[in-house]
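To start, the structure under review is shown below, and the notes come after it.
Chains: A, B, C, D, E and F, in written order; residue numbering restarts at 1 for each.
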Amino acid sequence: MALTTLIEYNAASPEVRAVYDDIMATRQTDWINNFWKALANHPPTLRRTWESIKQVMAPGVLDPLTKEMLYLAVSAANGCEYCIASHTAAARKAGMSEAMRGELLSVVGMACETNSLADAYQVPVDERFSRPA
Amino acid sequence: MALTTLIEYNAASPEVRAVYDDIMATRQTDWINNFWKALANHPPTLRRTWESIKQVMAPGVLDPLTKEMLYLAVSAANGCEYCIASHTAAARKAGMSEAMRGELLSVVGMACETNSLADAYQVPVDERFSRPA
Amino acid sequence: MALTTLIEYNAASPEVRAVYDDIMATRQTDWINNFWKALANHPPTLRRTWESIKQVMAPGVLDPLTKEMLYLAVSAANGCEYCIASHTAAARKAGMSEAMRGELLSVVGMACETNSLADAYQVPVDERFSRPA
Amino acid sequence: MALTTLIEYNAASPEVRAVYDDIMATRQTDWINNFWKALANHPPTLRRTWESIKQVMAPGVLDPLTKEMLYLAVSAANGCEYCIASHTAAARKAGMSEAMRGELLSVVGMACETNSLADAYQVPVDERFSRPA
Amino acid sequence: MALTTLIEYNAASPEVRAVYDDIMATRQTDWINNFWKALANHPPTLRRTWESIKQVMAPGVLDPLTKEMLYLAVSAANGCEYCIASHTAAARKAGMSEAMRGELLSVVGMACETNSLADAYQVPVDERFSRPA
Amino acid sequence: MALTTLIEYNAASPEVRAVYDDIMATRQTDWINNFWKALANHPPTLRRTWESIKQVMAPGVLDPLTKEMLYLAVSAANGCEYCIASHTAAARKAGMSEAMRGELLSVVGMACETNSLADAYQVPVDERFSRPA
């Protein structure tokens, strides 16, 4: 048994169904993953989070594959099991090959290593890095 | 005063200088940033970290700009001030526009938000996300 | 010099000014804190983040003081200097006394301690904790 | 099989039993959750942690429900599965409704998002936030 | 100006002075570092934290130098500037040479790298690692 | 089913087998744990990570037991389930008793608590802590 009731489509309120319908239409799919079924316990969070994700992950100056890889990298750094699984799947669907996944995760690992070293040695930021573009 | 002595080129041992020389040659630049001057207090870490970074950040199936943006995303998730500054600079040098930086950081922010929500609701991983490619 | 240009009201586009005006009206204040001036470099993030914060922090079944204290607790757990400072100020303004701050931070500290112990001992979740409400 | 032996009451030393007895008396319950059975492998940690928790979580200028919600918020930010489960249960027992849980977690999510944005943009702390009460 | 008033000995209550006196006597020193002067804003936290630290850091089956190095490693992993500085100083005082510091931090860095890789690849725990001693 | 294919020895390429052989020879064992079987999906990461671990964890000015305990402490602070399990096993093999494990984890817990308190109170670093050795 889990900590959170997952709200299935058939048991959902019209407000929740409207979000589910928009998720499926936007993603051109016919199912809803568990993350949204959990958020549906608090409809304002479901709606707000979905609207934000839809806006943030839409193609812009960065393409969808790059965005999914960034999402995966952050989820790996934070150690979030669910988001690692869902965004590995999403990045693969957007075109991430296993070779790309390997390179991506090697960057994540190096960044985590050097982040801890820079913190631990208390390296002062170089003056030329402290500038706006 | 800082916690760590920064080892300048003139004060460096031949072993450290050899790494500094390789950093400058590889990056086609004439200066060494503080991170390496701090690591130089432990030459095996300086050498190993540089060799790893050089391999990981070389162009592969991912291009250098994508790699720098992934590095920045992880550094932001980990809240490492030095690495955020240095990899913002590196990503800009590799071609990241301010519009790209804005989109990148919006993805980082959303990932951090949904990571905490997925953890907090203890969302079970969907069966179809739990598969190798 | 800082990594990010802060966009002042006078230098802001009409789109950014509209958000600034709404922040000041909602908070009944006449100034804009640096967080928003930094986000203004990416107007969609400025607008989306403000709309989200405004919704999330509005009084609901939790009162504004409780919400500010929760925000501070999370910021402390994440070690975010800016957010600790700004939400300590906001919680004080909402009524947090120094005695309340002391108790709040003692809870944060204990939670961080027991979080690491529960992880390190790999304590299995008790069956009776694994239930929806 | 788990990494850590859970010490049951019947197998416990008198020193450990004394702590178990105090936990049950203080909480007016007749069972011990797994966290304490794991800590019992190191009796000084069991005793010290329990004495600290008992003091920190006692009613003070903050009420028990607020304290449990703060504990849950920090555990969510840290992604600790055990503590999220146990303090969701404790907060519900102390009166947290599902609507309150929803609002609480929306604050946690927003805080994690803005924490990463404030770090990533390296927003300087406003002078008026840098003051003691 | 800082967010927190530091309580100096001369301005401290008898309750706070008693803790300060015990810190100085235990450490055989004549000064109090800022961490305790900040905690003194909430005397119960000052007393409880000091009593815990005194017990935890006392020589036991691990010697004081090992304990200080473990403290530093955790502080580096968490990116806590204050604790990195204070426990680097404490570990040096307890006998940590610069060569030992270098090796210690190389372990911290590798652990942060492989932690993120193990999370990102969702490596299942080997059956023989899942056993109590 | 898991997110990542584990590459068994029999199915491995010569390049991967060479690393596996070196792992078994170095560790004087006849099996490969899952971490390496996962990294084998990206042979350059497998090779580089193994070479780094082999160098970092070799006896130096710190002995192997101290290094394993530091590795475990960082993994606990980061909440990495796999690395906590594997390095608890490795530290036990290197001589960590259960009493030592108990003391080690009590230090980890205290460090996480005081890290969050030092961050939350924004304690300024004492001048005498801000010095190189």
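Heads up, the rule we're going with is that a residue touches a chain if its C-beta (ideal position, glycine included) is under 8 Å from a C-beta of that chain, and two chains touch if they have at least 3 such contacts.
The structure presented is a predicted model; accordingly, all values stated were derived computationally and were not measured.
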| task | Taking each chain's centre as the mean of its C-alpha atoms, give the chain farthest from subunit B. | result | D
| query | Any idea if subunit E and subunit F meet via the same residues, over half in common, or different ones? | reply | same
| query | Quick one: how far do you have to rotate subunit B to sit on subunit E, C-alpha fit, nearest 5 degrees? | reply | 120
| field | Repeated interface matching A-D, over half of the contact pairs identical, chosen among D-F, B-D or E-F | value | D-F
| query | Can you give the whole-Å distance between the Cα centres of subunit D and subunit E? | reply | 20
| said: From the mean C-alpha coordinate of subunit B to that of subunit C, what's the distance rounded to whole Å? | reply: 27
| remark: Taking each chain's centre as the mean of its CA atoms, subunit A sits from subunit E at a distance in Å of 33
| said: Where in subunit C do residues touch two or more of the other chains? | reply: 2-4, 41, 44-45, 48-49, 52, 56, 74, 76-81, 84-85, 88, 98-99, 101, 103, 105-106, 108-110, 112-117, 119, 121-122, 129-131, 133
| So what shape is it, when you link every pair of chains that touch: line, ring, star, complete or other? | complete
| message | Per the contact definition, I'd like the list of subunit A residues that touch subunit F in the complex. | response | 79, 84-85, 88, 98-99, 101-103, 105-106, 109, 116
| Touch list for subunit A against partner subunit B, complex | 2-4, 6, 33-35, 38-39, 41, 45, 49, 52-53, 56-57, 60-62, 66-67, 69-71, 73-78, 80-83, 85-89, 92, 97-101, 103-104, 106-108, 110-119, 121-126, 128-131, 133
| note | So, in the complex, the side of subunit D touching subunit B is made of residues 72, 76-77, 79, 81, 84-85, 105, 108-110, 112-117, 119-122
| subunit F partner contacts - residues on subunit B that touch it in the complex | 1-5, 44, 48, 52, 55-56, 129-133
| Hey, which residues of subunit B end up touching subunit E in the complex? | 3, 41-42, 44-45, 48-49, 74, 78-80
